[in-house]
Each structure stands twice: as structure tokens, then as C-alpha cells.
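Paired with subunit B in one complex and with subunit C in the other, subunit A is shared by the two complexes that follow.
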Partner chain A sequence: MKILVTVKEVATVEDEFEIEGTGIADQYLGADLNEWDDYAIEEAVQLQEAGVADEVVTVTIGPEECEQTIRQALAKGADRAVRIWDDSLEDVDLLDVGAKTEILSAVVEEEDPDLVLTGVQAGDDSFGATGVSVAEHLGYQWGAVVNHLEHDFDDAASVRRELEGGVEELTEIELPAVLTIQTGINEPRYASLRGIRQAQRKELDVKALADLGVDESAVDAELELTDMYEPESESDVTTWEGSAEETAGELAELLRDKGVAQ
Partner chain B sequence: MTDILAVTDHRRGELRDVSYEIITAGRQLANETGGDLHLAVISGTVDEFAEKLNREGVDAIHTVDYGEEFNHDVYTQAISQLYDELAPQYVLAPNSVNGLDYAPAVATQLDLPIVTDTIDLETDGETLIATREMYGGKVETTNELEGSAVATIRSAEWPQAEGTGDAAIEAFDADIDEDAIGSTVNGFEEVGGGDVDITEADVLVSVGRGIEEEDNLPLIEELADALSATVSSSRPIVDNGWLPKNRQVGQSGKVVTPDVYIAIGISGAVQHVAGMKGSDTIVAINTDPNAPIMDIADYAIVDDLFDVVPALTEEFQ
Partner chain C sequence: MEFGLSEEQEQIRDEVARFAENEIVPHAEEYDTEEKFPHDIVDEAAEMGLVGASIPIEYGGAGYSTLESAIIAEELFSYDPGIALSILACSFGTEAIREFGNEDQKERFLEPVARGEKISGAAISEPDTGSDVSSVSTRAEKDGDEWVINGNKMWITNGTVGDFFVMLCKTDPDAEGRYDGFSQIVVEADRDGFTSEKITGKLGIRASDTAELILDDVRIPEENLIGDQGAAFLQQMQFFDATRTGVAAQGVGIAKGALRAALDYAQDREQFGKSISEFQAIQHKLADMATKTEAARNLTYKAAWNVDQGNDITKGASMAKEYASRIAVDVANEAVQIHGGSGYVNDFPVERFYRDSKITQIYEGTSEIQKNVIARELLDKGF
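Our next item is the complex of A and B:
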């Protein structure tokens, strides 16, 4: 079985930041492997170690600067990586679900995996929709918000979907399928030093849209980001000031007033 | 005129609250241009659901009597066919776990753009203006989509519709292609049982990512002991396996309403807040004065939990 894992380098924002136009000013931005994708990578690597998967390939849409992040997945055990980048993507503010679906679907078609694992969502734009959209686009089956996957497959995957309120849905999904992976499904490993060294030698293919047969117009987002602002705080919080001893004292007094620990 | 098709949500014989909220969201959007609000009720006891959903502002309810429980292939097919029949401008779905299991597929099948997890929606009939968060709630954005679109709505952002409506309730004869159904739901399981029921606690000492390491958890447990309180947590602590699932507060965990909820090192993601906003008194201990938890906290200490928590424990020893 071949598994394709979608991996995204997400933007992280410091606690204090400023907005410029429709984005966060660069100096307040960091970058990290998307948390949900880390679990998807781990699940794929575990399937490979269990002898279920023969090959694990990662795919990313991103510029050269994100290669360090992609190599984390290779260091954890993925076999090779594909990175999609194109001049036409340089000036795109926000890739919407439709654009990501066009690009990733082309890669899935080329790689022809049995199973595609994505994170439930990306920590920055949090659409939570691309995995299911890709599945429908390609005629794959799918399952959203999977927090357990049985590691013995026939022609179907047995999964649990994490519903609201502590309820799980037990579902059989025919292959090929796209599963969106929820945090907590496993314990993502840290890359070993050996893994990190090996990752430097693993294949990382860079492809442009034309290489995938995707027309540049596919990245013209239908969703246009027109404004970004800090939400108005509705807070009427009473904040205690002072040293830790002083503020703890204030809180202790409140708790005693409420009859706690008496 | 802007007609709306809103899809309702139910599970194991019960309509979920968001089904009444989506009526309000759909009605508001339809009002802006004088359009009609159509509801779709798919699978389960559809007639009983339709009666309950017949609240003020609903113009028509379309029932699809097929199967008991949610199946995303049935939903995708039924909604696409309803769209072809009714030609609404917008399709609204809940941003629930199940909503995210069919709404993107509906958008793809109908070749419509999708915007998810919206907290406000406006339209002039041509352009949809959707408000949503990015970066875990640090910012809000407005987003514009031209023409017809699919949007999912966040739960508890719109009030539930009330009153009694005079909607036309009609069975919709969806042509469900069984060969296209690729997944089977075999059952449900309640998780997070066990020895401790955090929903029964009067005082919860709740710990989040700010605790940094499992080895630091005794700090929290000592405080809880000193206060005769119960320890609960946000999602990352359970994901890391540091506490069992029955301690998790939030959308996918438990909904709690204690007298006092002390949130320690919890930023207050919307999924967490959904599980604890009903607490009588909320206290937040966090280094970030702008953390979303501050929006619902009654009292706050903006300081390092590793300084404040031991000092607080000492007060009660």
C-alpha cells in the first residue's frame, strides 16, 4: 500500500503583533510544521513500520524556505517528498480550498496512492475542508476527523471519527480514501539524529504547476481576503496586579468568599 | 432575491442545537435581499425533526427519508439534488464534525466555492461577505465570494430560532445512488468514562498547554488537593496522554458548569470555551493578556503559572 501525506508549513503568530493590510507584519510571524499534519505523518510511518504501507510520500505546497519543515517528515520516516511551487503562487495572499484542491488533486492523480492522510485543518487558515474536497474531486472515499485507524486493511479502512461531546463514530471506508487526521490519534515521534541525517539524502522533488498539468488560473482564489483585524475584546475581566504572592492572595480571598476548600 | 438552503444536524434521534442556530443565520441572510429560507432534513425521523424545526422564519422544509444516521455520501447526493431543484444562492451547513464531512464534497460536486467556520455572514445578493478567524482566533478576517457559494457556520454564534413557523413541509424524493456510498457507519461509542466525572465537580482546576511538561503536572494536582477540587484539562494535555480523556473539557470532551473554573495555562480556543463558558466564576492564570480566555474570564492573573500556582497552593496549606 502506498500512502500520501499532505504536509503544510503553517504561519505562527507571536502574542503581540501588528497587522499590515490583510496580513500579519512579517516580523511577528514564525513557521512550523502544522500540528495536525505531524499526527498524519506519524500514522503513515506507523503503518509502514507495521508492514502495511510500502511507501510513504509527502506533498507540500510551499516555497523553498519551507524545505526544512518538509524534511522533518522525511526525518521521521517518510520515504520521499514532493514540493509544489510556482511563480504564480508568489503573490497569492490566501490559497482557498478550491485552489488547494486543484493542485493537490493533480499530485494525488500522479502518485496514485491507496490512502491519503491530511491533517483535519491547518493551524493558520483553519478551513478544515481540503481533504474532503480532494476526495470528492478524484472520486476517492473519505472520512473527516479520524482519531483512530485500525492497522489491518482489506479493501477498507476501519476508523473512528471523533464527534462532539465525547462520542466516536465507528465507520468502514472503502479504499482508495482520504482521511483527515485529528490530533491525539497517536504520539508523534521526535526525529532521531540518524533520521535527520538520512533525511538530507532523501528525494525531494520540486514541481511547478505546469509539470502537473495544472493551469495557472487554478490558483486564482474565488475567496478574496478583504480585511484582517484584531477581534474586539468583550472582556470585562478583573485583572489582579502585583507579585505572584499578591495576586495569589487576591485569588485565595475570592475562593474563600466562594466557600472553596472550607 | 437570495434564497438559502440550510442543512440541519442530528445524531442518534436528537436534533443538535446548531440546527436551530442555522435557521437564524439563514433567515438573516435571506432577509437582506428578501429571499426564502429552505431547510434540508436528511435521514432519521425526518417528519418529527421537521415539526420541531418549523420555527419562525422558515419558508420550506425538505425531508429526505433515507437511512437512520448521518452518512456523508447520502447527504452529499441529497443536498446536490436539492440545490439543482431549488437553485438557492447559498448553501449553509453547520461547521460540525459531520458538516465538515459533507460540505466540502457538496461544494466540489456543485463546483461552488466554500468558506468554513464563519461567525458572521452578509450579502447584497451578489457578494457574500464572510467573517471568520485565523491563527487560532488571534485575528478575524472578512472574505468575499462572488455568486453562489457554500458556507459552514460555527456553533453558538447565532441565537437559536424560536416561535412557530408556517413552513411547507415536503418530502423530497432524492435519487440516492447506493453504488456511490463508500462508507458504512457501524455504531457509536461514548468515550471518556471512568472513575472521575468532571461534570459533577463544584470546583475545577483546569490545566492547558502552558504547563509545558508532564513532569509539571503535580503542581496542578497539589493545588487541586489543597482546594478539594477536581483536575480537568484542555485538549493538548489529553492528546499528549498526560491525563485520560474523561478529564477533557471542550467540544469533543465534556461540557462543565462548576461554581468555580480555574483555567491555568489555557489560551481558550473556541473548542475549549464551548465546554466551560457556563461556569459561574471563571478565573484565568495566563502569561498572555490577549489570550481568548480573557474574553470570558471574570478574574485574571497575567503572570507565570509556575510562580502563581505554588503561591496559591501555599495559601491553602
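Our next item is the complex of A and C:
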């Protein structure tokens, strides 16, 4: 079985920062592997260790500077990586879900994996839609917000999904499929020193849109970022005096009132 | 001339930092206070390959060079020196086996250390033998196909948690020269007649285990002799450059960690209506701390690079070790000063850095011995 994992280098931001135009000032920004993708990689590597998968390939859309981040996945056990970049992507401010779907779908068609794992969302732009959108585009089955995956399957995957309001669903999903992976599904490992060394020699293939047969017009965004501001936040505190037995009921009532619990 | 780190080296540093922030920092105070060896953290570090980083790949390590080992030591020590030493010292003494051991010894001793199943140690110092290593009196006498060992070893890192020790013993008391007649023998902790006693009450690096070893007619098979009989000093001398560079990297790490903590605190703490980092007196301290740390780092990386090139750098390694350990103490001291009263208690890591820094001026040859070495090289060989 072959697994394709989509990975992304995301922007990270310090606790205190300043907004500049429609972005955050550079000096407050860092970069790291998207947290959800770290769990997706771990799940894929565990499937490989369990003998279910025999190849794990990662794919990213990003400039050369993100290679160091992408190699983290290779150091943790992925076999090879594909990086998509193109001159036409250079000045795109916000790559929208439609564009990502076209590009990633082309990679999926070329690689022809049995299983595609994505993160539920990216920590920076947080669309939370790419995985499912790719599945729809390709006519693959999909399962979103997967927080458990059985490690023995052939033509279907047994998954547990998080639904709203604390409800979970157990379901079988036929392959080929896209699963969007939720944090907490496993405990991502640290890249081992040997792994880091070996990752330097693993294949990292760079492709342009034309190599994938994707037209440049695919990256023309339908979305435009018009403003960036900190939302006004209100805070409100309720305190109860008394023992847990006396006050737990009141807390439950409040949570129900606020719509947090059902 | 190339001054940057490679992408791989940066990746090592970042992953070690991630490990330290998540697995070490939350527990550092506890292990220090309780003077407890961090077995759980060491096990996790072993999984990541941190304990046998310099053991060759064919014996299960990562095969990293002196420079990469220095980067790892610097990063780990910048988060907590006591736990960092507990992790990195798990392979103490194995350099001799790596270089002079036979195939059987490498398999028996290197592989389990690389896998994190066994902990090693290096036993040289004795109650009456510190800076003057040639006064070692622990005696190994041949009896049939065994060595019978008697003596005391003092200040031995991993003394009560180690599985075996590469021990410097006198094997030929009648040898002529001051440095002749000594051999390196691997002594396993489970041999009859071997006991160890933990030394408590240390000023710093309190998570690291230190003990006295007592050897009372301990019988060791002759195949545990490393390299040639009588050649211990010649063998040991080959590693001074690497091990001293390693302690230099520890010093750089302590300075880096103390500076990081001081920078954070200086920007947070307000007095007289402003952040204390706006006072020039504090700014100058921070500037000096950063400059010293960078200078020590450059000396250390250069020494490490030279070791990896196979160059003779006795003087350079001693300079790096002496300077980096000195500025570690300096920078940690200033970091406490910047914290004021908060730096005097263990709510902040600088109190620990201040106590931990001192050891780097003592072990692997004291500062005085390093200066002796530097001066000897200068006077014998000139620049």
C-alpha cells in the first residue's frame, strides 16, 4: 500500500505581535511544520512499521526555503518527498483551497496512492477544507477529523471521526480515500539523529505546475485578503463559592446556557 | 572559509531543542532538587539516538563528528546542564573502545550503549589522583587469564547507574617512565567485589550521578583489556582534544541558556515605570554576555572542526575549554544579577545555571591545567 501525506510549512507567530497592512510584521513570524501534519506523518510511518504500507511519500506546495522543514518528515521515516513550486506561485498572497485542490489532485493522480493523509487544517490560514476538497475533486472516499485509525486493513479503513458536540463516529471508508488527521491521534516521535542523517540522502523531487499538467490559471485566487485586525474580545468570569458537590450543577447549567455543552 | 552550519546540522540543533523544551525543561527542577538520575528522560533520549550520537553507524549510533556532538551538547546544556550531562555521559569512556577495542569488544560494549540498554563510564580519578593522572594507584594484577583489580576511584560520573567503566589501572608498577605501565580495562558493575557509593550534596549538575567506586579483588577476564597493555596514556591522550572540546561546548550551552533566560526576564520585569531592559546598565550586561558567548562558540566550533580534520590542536582545545567554562560562570553570574532576588531562588532556571556552570572549570582538566597546557605549547612551539 502506498500513502501520500500532504505537508505544509506554516507561519508561526509570537505571543505579542504587530499587524502591518494585511499581514503580521515579519519580525514576529517564524516557520514550522504544520502541527496536524506531524500527526499525519506519524500515522503513516506507524502504518509502514506495522507492515500495512510499503511506501510513504510526502507532498508540499512551497518555495525552496521550506525544504528544511519538509525534511523533518523524511527524518521521521517518510521515504521520499515531492515539492511543488512555480514562478506563477511567487506573488500569490493567499493560495486558496481551489488552487491547492487542483495542484494536489494532480500529484495524487500522478502518484496514485491508496491512501492520502492530510492534516485537518493548517495552523496559519486554517481553511480546514483542502483534504476533503481534494477527495471530492478526485472522486475518492473521505473521512474528516479522524482521531483513530485501525492499523490492519486491506480495501477499507476503519476510522473513528470527531463530530460536533463531543460525538464520535466509527465508520469504514473504502480505499482509495483521503483522511484528514486530527491532533492527538498518536504521539508524534522526535526525528532520530540517524533519521536526520539518512534524510539528507532521500529523494526530494521539485516539480513545476507544467510538469503536473496544471494550468497557471489554476492559481488565480478567487479569494482576496482585505483586512487584518485583532478582534475585540470580551471576558467575563463567574465564580461559585462552596464544595464541588454544591456547585457542579450550577456550572453545568451555565455551560448549557452558553451552548458549550448539550 | 566556511562559517555557517549545514542544513543537516541546523536540523539536528532544532530537533534537540524541541526535545529539550518538551521533555527536559518541565522536569529540570525536580531532578535537581531530589538529586535523582533521570532514567525516564534518558530512555526517551536514547530512542532519539542522543546517547550514542558519536558511536559509529555500524554499531547502532549516528556516527556524528566532534562538531555535531558539540552542537548537540551546546543545545542540551542550554536547557538544563544536569539532565544534559546525564544523557550525554551515558557513553563516557566508549571513545577508547571505539578507537582501540577489537570487534568483539565493540559489539559487546558499543552496541548496547547506542541502543540505550547500557550506561558506561570513565574511571580515572582517585581520592589521591586528580590533576596528576600519572599518580593512579588502582592496581590490576594478572592471575592466569584474569585481571585482579584493587583500588578506589573517586568522582566517577554514572558511578551508581553505570553498567561498565573503562578504568585506568596500573598494570606494571616497575615501568620506567611516569606515563608507562598503565592500561585501560573494562570493569563491569556486576562483578564480585565491585561496590559504588553515591556522592550527594553536589553544588550543581545534581541530576547527574557521581560516585566513588571501591574495587576489592575484582576479577575481570583478560579479554576486557582495551588496546595494548601499558599503553593507556598514549591511547587516552588521543581523545583529550575531543573531550575538552566537548566540555567547551557544555560551557557555551550554559552561557547560551543563561543569556536566553536573562533576555526574557529583562524584557518582562519593570521598575521605575519601565522595562529594566531599557536601563543601559542592563543593556551593557546583555551585550557583554552575548559577545562572550559568541566568542566562546567560535573557539569551540573551530576546535571541533580541527579535531574532525585530524589536526593536532592541543592548544586550541585547551583554549576553548578554559575560555568557554570561564564565560559560562561569568554569564550565569550576570544572568542571576539581572534577575535580582528572583535569580536567587529556583523559580527561574538561572539559579541552576549559576550552580551548574562551575563544574565546567573543574572536570576534564581544571582551568589551571588548561592554562599550563596552553603555556607549554606556546613556550615549546611558539605560535
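Here is the rule we use: the second predicted complex is superposed on the first by the 231 of 262 C-alpha atoms of A that agree within 3 Å, B and C clash if a C-alpha of one lies under 4 Å from a C-alpha of the other, contacts with A are read in each partner's own complex, and residues count from 1 in each chain.
What we mean here is this: a contact is a pair of C-beta atoms (placed from the backbone, for glycine too) under 8 Å apart; a residue touches a chain by one contact, two chains touch by 3 or more.
Please read all numbers here as calculations on a predicted model, not as lab measurements.
**Q** One more residue to check, A:75. First (subunit B), second (subunit C), both or neither?
**A** second
**Q** First (subunit B), second (subunit C), both or neither: which does A:217 touch?
**A** Touch status of A:217: no partner.
**Q** Identify which of subunit B and subunit C touches the larger number of residues of subunit A.
**A** So, of the two partners, B touches more residues of subunit A.
**Q** If you stack the two complexes on chain A, which partner ends up touching A:129: first (subunit B), second (subunit C), both, or neither?
**A** After superposing on A, A:129 lies in contact with subunit B but is clear of subunit C.
**Q** By the touch definition at the top of the document, which applies to A:194: first (subunit B), second (subunit C), both, or neither?
**A** In the superposition, A:194 contacts subunit C only.
**Q** Taking the contacts subunit A makes with subunit B in one complex and with subunit C in the other, which residues are shared?
**A** Comparing the two interfaces on subunit A, one with subunit B and one with subunit C, no residues are shared.
**Q** Touching residues of subunit C toward subunit A in the complex: what are they?
**A** Those in contact with subunit A are residues 7-8, 10-12, 15, 18-19, 47-50, 53, 57, 61-64, 72.
**Q** For the complex, which residues does subunit A have touching subunit B?
**A** 11-13, 15-17, 19, 22, 24, 96-98, 101, 120, 123-133, 135-137, 141-145, 160-174, 177, 180, 183-184, 187, 222-231, 233-235, 237-240, 244-245, 247-252, 254-255, 258, 260-261
**Q** Over in the complex, which subunit A residues touch subunit C? Could you list them?
**A** 67-68, 71-72, 75, 189-197, 199-200
**Q** Which residues of subunit B touch subunit A in their complex?
**A** Going by the criterion above, the answer is residues 11, 16, 72, 76, 95-98, 100-105, 107-109, 113-117, 129, 133-146, 182-192, 203, 226-229, 235-236, 238-241, 245, 248, 251-255, 259-260, 281, 283-284, 288-291, 294-304, 307-308, 311-312, 314-316.
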